[in-house]
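Some structures to go through are shown next.
Look for chain A in each of the two complexes below; its partner is chain B in the first and chain C in the second.
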Partner chain A sequence: MQDLEEIKIIVTGFGGQGIIMAGRIIGKAASLVDGNESTMVQSYGPESRGGACNAQIIISANPIHYPYVDQADILICMSQGGYEKYIEQLKAQGTLIADEDLVNPADGDFDAYHVPATRMAEALGQKMMANIIMIGFLTAVIPAVSVNAARETIRHSVPRGTEELNLKAFAKGYDHGLAVLKGREKKAAGQTGAIA
Partner chain B sequence: MKPALLTGKHYITGDVACAEGALAAGCRFFGGYPITPATEIAEHMAERLPGVGGLFIQMEDEIAAMASVLGASWAGKKSMTATSGPGFSLMMENIGLGVSTETPCVVVNVQRGGPSTGLPTQVAQGDMMQARWGSHGHYAIIALSPSSPQELFYQTIRAFNLSEKYRTPVLIMTDEVIGHMSERVEIPEAGKIEVFSRNKPRGRRDRFRLFSPVENGVAPMPAAGDGYRIHVTGLTHDERGYPDLTVDAQANMVGRIVGKIQNHLDDIIQTESYRMQDAEIVLISYGVSGRTALAAVDMARSQGIKAGLLRLLTVWPFPEAMIRSLAGRVKGFVTVEINLGQIHLEVERCAAGRTPAFLVGHAGGTLISPQRVVERIKEAF
Partner chain C sequence: MNEFNIILFLCNWGPHVAFQTLQDRREKIPYEIKMVRIPCTGRISKALLLKAFERGADGVALVGCRPGACRYGSGTLTAQENTDDARQILNIMGVGEQRLRQATFLPDDAEGLFEFLKTFSQEIRTLGKSPVEVSEKSVTKAIDLQQVARAVSKYDIFSCQDCGKCSSACPLSLTGKSFTPRAVASAMIAGDIDSPIVIEGIWSCLTCGRCYERCPRAVNFPEFVREVREIYQDAGIKALEPHGGFFQSMMRVQGSASLNMDRWSWLPESVHLNMKSKILFFGGCAPYFDIFFRKFLGPQTQNILLDSLRLLNFFDVQPSVLSNERCCGHDLLWTGDERGFRKLAVLNAEAIHASGAEQVITACPECYRTLAVDYPRHGIETKFKVIHLYDFLNREIEKGAVGFKPIDAHLTFQDPCRLLQEEELKALPRKLIGHLKPRSFREISESETGPICCGGCAWNGCDAYVKAMQVNRLKQARAGGRDTLVTACPKCQIHLKCAMEDPFLGQALSMDVKDLTSLIAQSIYWA
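This part shows the complex of A and B:
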């Protein structure tokens, strides 16, 4: 978690997309492998499939008292409904990570990443793994959890027999995140050059 | 098969921590009926009990679930059930049977918004008075209210120990947020967990009296099949357990049921003080709202308000003496709970007009924010 004292994350989408699973993997990696404090609360409607749901994760160097996330540093959206419901809870200058085929964000005072997570998961033959691709992307762009912690936790959290494919999904998301960061750096350097 | 005690560090929900705590305490029977947000306790026990020589039964409803738990206890097993508001209401009559027959068992209520079906997936703490007085007649009961999955693990063990020691149903009044939230839970080695099991009778069988106190205000308890001729009834009974519908027998029986708890308050009541040394404003809270209150104390202190917290791990019997001793010495009591004033009423009663008592609460569905608590303190004092 580098220099940050505390990171608050909301993951949102439909029930069935593995939103809670993603939240638990992030929280578990932070707590059991990286050795930080971490809480994960979930909220969902009466339906277990199809309704909007969210996972709220706090990662902190200190004990966490109040476990709800009112203002998130990072909002990960895997559905338009989730985006509309929770965008207000993203801090000014926070980070939005959205599935680019499922979420159409408006402009706002936040840093937006558009990730084709579901499309990439379909290319792997497992639409279910879009959540793991998102964790990979998150790990690349924000140091909320270490790469080692994320990989270890995924290995021990997914159904037996799917470990390798899930780690492949994680690597896809992670590599994509690194590529996007590199692209941004180049662009920034290019712009500086043009101005100079 | 996994062992009964999963020593190590886990990142699990409160519901799973509760089930693991039960197994660690020696629970080997779960009779229940699934209900949000307590289902995961039943689910986890269904998965785990067969592997440790225990038994899980999904009953036809919560009335039967509670009956099965009492039956299993008289068969000599440590037994439990877990439910939420609607199921807790259905269990009330048989909880009273457990109180009357002095039957050790543990009932977990993962509270959600009520009344009736209410808010199945959303938090509340509206069943606190029901826990105290929900079954008919006058009695005493023990209710615990932990504030984290780790505490839920330990308090579940403690609930079993108290139930075995005092031969009484013990209630764990947790809530949707604690039940469903994930956090690190460390399960210690077996040697570091204190487990108490009910005293068994010794000596001449013909002299044994099922309700004649020997230790801790209760009689030893044989299991069905141990060879003792016993009679267990919900009717008012004498010390042998035989119906005796007289004023004297009633006074003896109810007196014993209330007395065994009232005479052991120091052993039963557990609270945690936070920044209380010089506190002028004393917050009182429990369960998930205890976390709101912890954050509120820090927030208030950072604004120069001398706030402290008395967090109740045991809610019933109520820590009366503690509140009474603070009354008149502090500026104010602020009870933080997700209802419209239940434990607040007890605080107000014990404050006895010597210190003003305020409530920060709402009807349920979400947590109380620490900001709201601090604003209320500023308004009131």
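This part shows the complex of A and C:
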């Protein structure tokens, strides 16, 4: 959280994608390891049975008085239903991080990243780890939690015996995030190809 | 004592008359000039020019007839081209183009010739001794039987059970050459080490490793061959070096410690280097090949180096390079000149250590294999990690965010024999091709049991059987409408292009040859 006073994040997807777990990891990393304040509320409601579920996280340098997120800085979407339901809650010029294959966003006043998280997780042999890949990506592109905090928290939050694979998934997402940033930078500088 | 050595290759026809006039007049021709009378300057190949330097010449002059006066028509022009190419290579190696001169004189121009000889020898005196160290050859005349016995037991040739699996895998045996690894192995066990057929067999092997891969007793025939070649070299049994041994000479010259080489000044400014980088790019010999083959094949192997650097820059790596980068030593090692190999290896390892690099990236399969495997195996300490460019590229590309422009071609791929030792390496080129967007890609042969080499590894033993094998390879590659052969080694590119010149088959073999690194560099972009 180098330059941001407060970051509000909504993570959404369908039940079984590890949405709540992702939210919990982000929040814990920010508070328990990075030493910031953080809150998380989760909603299941009727949508938890296959519909859209969500986790709302606030990370702040100062005490947080109200944990619900009305307008989010960052919306992480892992399902089309979640996207449709929560896109209105992404503030103007906010950041959308969406699973490339599961979400088909319309144009809007936001900065969109399309991450093939589920596909990358499948390539690792663990579709379940798409959420961890998303955390990796988030960590690379947004200074919400530090790499070290994210890694430590993942290590302590995932089932015993799956730590290494989860950290590998994190690294995949993180590296992808860095690559995307690098690509944006290069494109902005007009260096798209390898041969000038 | 003669301090300097200048070789004067003097054409028999025009200028020799002028030279005789000088002798008749008892002119003081500088004593360091050794005249070698030749039939035509056009017959002095690049290999002979370089050999003179390898064997200790401080200067070489190629003196012939005026262009219009050449008795054979094109001799003077050929000499000019050979001299130009050799001078360029001497420059890169830090020997200096000034040491090689070409001149022409009419028979009656004794004065002109005399002036030239005096000036040239003065120039060489000013330049000083050549930086090339002449390697003393310890030729022991007879084949060292004990060493042969040691090699036989070291590679466990005795365990051969005569099953013949190797012969049915060996591309040379399959092309009809009267050579099989099994026969050579049994002959050597039986003590036949110097019959012509065994000697030819040892020099013919391509060291491609197909036999070793299939041998149920894990007889490492290629390594055995390599070691026997060393023993042969010591006994003065010469390697079958194509192109007059030009490349081996070039590599031996580079074994000299005090060369002040100029490997990289040709790089365009758009390439970003950082001489303090922990990552060093090791280029390999490609630039020399392009110069050498400029006239016939027009290979584009120097571009592999340029495109490698561009790709490293693309991914934000600004590597260092060695201006004194020598040949890695692969070819000398595999043609039995272990001493020559060792000199190069020690000089390269020292230079890499001095650069402070912790990682060495190379795009050349032979350099990769030699630096990563053979340096340590031969006791040369390497305090750096060697990575093939494909490994680096694959890791970066898998991070995503890059795309590939469509390639309007039907591709197939020729595996380089030196990347086949490790499963992981073997898979890399295909992973990379998998990212590309060609019109189609198909393996050269679906039924093939493992890849077949290009036939020209280590600049050793190119003959009619190798040519036939390459022609077969190209026919396979062209089948099914494929138009572009992707290669991953400068030598595959050169040798297979050479085979396309087959006069009987002509156009039937011709296809585009593209290096994989260059293909990637041309089509990758930040998506």
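One rule holds for everything that comes next: the second predicted complex is superposed on the first by the 186 of 196 C-alpha atoms of A that agree within 3 Å, B and C clash if a C-alpha of one lies under 4 Å from a C-alpha of the other, contacts with A are read in each partner's own complex, and residues count from 1 in each chain.
Here is the rule we go by: contacts are C-beta pairs under 8 Å (C-beta built on N, C-alpha and C of every residue); 3 or more make two chains touch, one makes a residue touch a chain.
Remember, it's a predicted structure, so these values are computed and weren't measured experimentally.
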| item | value |
| --- | --- |
| Partner chain(s) touched by A:180 [first = chain B, second = chain C, both, neither] | second |
| Which superposed partner A:42 touches (first chain B, second chain C, both, neither) | first |
| Partner chain in contact with A:8 - chain B first, chain C second, else both or neither | neither |
| Contacts of A:27 with chain B and chain C, given as first, second, both or neither | first |
| Contacts of A:151 with chain B and chain C, given as first, second, both or neither | neither |
| Touched partner set for A:116, first chain B, second chain C, both or neither | second |
| First (chain B), second (chain C), both or neither touched by A:65 | first |
| Residues of chain A at both interfaces, chain B in one complex, chain C in the other | none |
| Chain A to chain B touching residues, read off their complex | 23-24, 27-28, 31-32, 37-46, 65-68, 70 |
| Chain C to chain A touching residues, read off their complex | 270, 307, 310-311, 313-316, 396, 399-402, 520-522, 524-527 |
| Partner chain A, residues of chain B touching it in the complex | 9-11, 36, 120-122, 177, 180-184, 288, 291-292, 294-295, 298, 366-367, 369-370 |
| Residue numbers on chain A that touch chain C, as the complex places them | 116, 120, 175-176, 178-180, 182-184, 186-187, 191-196 |
